[in-house]
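Both complexes below contain subunit A, partnered by subunit B and then by subunit C.
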Partner chain A sequence: MFLVFKDLDPILHSQLRLAVMSLLMSVREAEFTFLKEKTNATAGNLSVQIQKLKDAGYIDVIKQFKENYPQTICKVTPSGIKAFDQYVRNLQAYLTK
Partner chain B sequence: MEEKNLTEQESLQIIQQMIETAKQEQKDDGKGWIIWGWTLFTISMLTYFNIQFNWFDTSFFWNVFGVIVAIYFLYHLFKNLFVRKAERVRTYTKDIFDKLNVGFFIFLILIIVSMNAGVPPSKGFMLLIGLYGFWILIYGTALNFKPSIIAAYVTWAVAFAGLFIDRFIQPETLNNLPDDLVRSISLERFQWVMLFHAFAVLCGYIVPGHIANKEFKKIRKGDIVPSV
Partner chain C sequence: MQDENLSPQESLRLIESMINQAKNRFSEDGHLYLLWGWAVLVCSTAQFVLLHFFHSQYHYYVWMITWIILIYQVLYLRKKYRKERVRTYASNIIGFVWLTFLIMIFLLSFLIGNIAGADYYRHISPIMLATYGMPVFLSGVILRFPPLILGGIGCWVLSTIAPVLEYDYQMLMTPVAMLIAWIIPGYLLRKKYKNQIA
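And then the complex of A and B:
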């Protein structure tokens, strides 16, 4: 199984990270709570996966305050778009094999 | 949630599921269309009855409406320019709609001003209806909402037909007629313009707005939280 997926980007080839990236690819930007609700993930796990995507340079994370409450906004970066695009291409290649 | 190895089918499924979820977020609740549509419809009908029963000046209700729209436009412009919006999710479609809204209102004001500057209301209102149709088509196409796409064409059909009201209502020339009779014919024609306007608004805004609202409620009721 590992060999089959060796060309797929390991950062994206994870359930939650892929879900987050797919959501962010479809919108301009989204709040942490929106991602949590739509992926049905726990806050802790989501934070960890978002950090990994951020470290890879695939998303930008903006922390700000909204009516005295902290707000985390995530936004896909150009390199994130490129990586996602490549991931989907590779996936398609596997599916057409 | 446990992380596990994904198969290609599972990866594809997650992508499709999330894109579908995001798409649902872009669905419009139709409330804006409903409020805007019923307001225009009410003003048109009030103007019709105003002429019929001679309550106030002919354009009284439109003037009131104009003031409300101007205030709303300034408020909207101020909000867009100076207040940073902190929404849960910002979509590309919504951003485009926000910008188009500004263009729509500027064009709307241009037509209203042109009517005050000499364009006959019978033609000016048909231009307004044409503008409604244009915006409705953009909305319907961007959101792939067929009722709005159909409504846009119906609205334009009404606008085209409305351009010929003068030829069907008292088609004789107004030259050489006594002033009272000219005024009476003009008012009758304007009543027809109001009926055409109300009908266009009903087809263009109110019906698609209610359909969108019904669909939106259905989606929200069965909101699927994907088990990623």
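And then the complex of A and C:
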């Protein structure tokens, strides 16, 4: 078990961040409200986790205005795709041990 | 959703569940398929009636209506794009498939005249039907929606029938193509979209 947690990316190995990354891997880009609805997370917690993913360079966050309302759009970056891919491979490697 | 560490099994289950949530979201309501399907069906039928029964020289003028529909489509897509909360790779690829189709239609309209000479009008229907089949078939594959795949194949079948028909009757292949490729799949897409919302 120790080996598993050593191999797994700590940024991704967290329920909410992993959920956000999994959603963003399936779509080209998504609004903050879409991620909030699908993950059932609170806005505050989701904002914090999105910021962590952004700081790690795994997602891009675009803030803009849509019809006078602020809009936050998230999309996964190439290094996010690479990290997610590696994370899944590490999980699979552990499960086949 | 709590932010806590997970076991590898839980991680995989979570990834699977989130990917399924995003995948099951079906964003195509069939509106533009129905709009264009009916518009082209009405125009092509009207053209056939004008040419076959009234021997009108200006039978092709009915297609002017499509410019109004094109303007409506641009406005509609702009509004839809602003409303969307999520943009998928599928919708992006479908957009490019239809763009390729439009470019091909314009290029072929120009090329047929140059290649076929005075007889060009006899080749328009078969070539257009063969071209129509491509975006319909690919949209069906990308959306995993068999009625569109069958519609695309139907267009290709019609394109092989059209050359053996008289010019007037070739025009009737287009309304049939609209029915099988856009109108019927359009209503089925709308039904699927509404069921998803309900």
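FYI, the second predicted complex is superposed on the first by the 93 of 97 C-alpha atoms of A that agree within 3 Å, B and C clash if a C-alpha of one lies under 4 Å from a C-alpha of the other, contacts with A are read in each partner's own complex, and residues count from 1 in each chain.
Operating definition for what follows: a residue touches a chain if its C-beta (ideal position, glycine included) is under 8 Å from a C-beta of that chain, and two chains touch if they have at least 3 such contacts.
Note that this is a predicted model, so its numbers are computed, not measured.
A.B. asks: Have a look at subunit B and subunit C on subunit A after the superposition and call it: clash or fit.
C.D. replies: Subunit B and subunit C clash in the superposed model.
A.B. asks: Under the stated touch criterion, which partner chain does A:Cys74 make contact with: subunit B (first), subunit C (second), both, or neither?
C.D. replies: Neither subunit B nor subunit C is touched by A:Cys74.
A.B. asks: So, A:Leu23: does it touch subunit B (first), subunit C (second), both, or neither?
C.D. replies: Both subunit B and subunit C are touched by A:Leu23.
A.B. asks: Is A:Ala83 touching anything from subunit B or subunit C once the two structures are fitted on A? First, second, both or neither.
C.D. replies: neither
A.B. asks: Touch test for A:Leu53: subunit B only (first), subunit C only (second), both, or neither?
C.D. replies: After superposition on chain A, A:Leu53 lies in contact with neither partner.
A.B. asks: Let me test your reading of the model: by the given contact rule, A:Ile11 touches which partner, first (subunit B), second (subunit C), both or neither?
C.D. replies: A:Ile11 contacts neither subunit B nor subunit C.
A.B. asks: Taking the contacts subunit A makes with subunit B in one complex and with subunit C in the other, which residues are shared?
C.D. replies: 4-5, 8, 13-16, 18-19, 22-23, 25-31, 33-34, 38-41, 45, 66-67, 88, 91, 94-95
A.B. asks: Which subunit C residues qualify as touching subunit A in the complex?
C.D. replies: So the residues of subunit C touching subunit A come out as 1-6, 8-12, 14-15, 18-19, 21-23, 82, 85-89, 91-92.
A.B. asks: Help me check something: in the complex, which residues belonging to subunit B touch subunit A?
C.D. replies: 1, 3-12, 14-15, 17-19, 21-23, 25, 86-92, 95, 225-228
A.B. asks: Subunit C touches which residues of subunit A in the complex?
C.D. replies: 4-5, 8, 13-19, 22-23, 25-31, 33-34, 38-41, 45, 49, 66-67, 88, 91, 94-95
A.B. asks: Spell out the residues on subunit A that touch subunit B in their complex, using ranges where they run on.
C.D. replies: 1-2, 4-5, 8, 13-16, 18-19, 22-23, 25-31, 33-34, 37-42, 45, 64, 66-67, 71, 88, 91, 94-95
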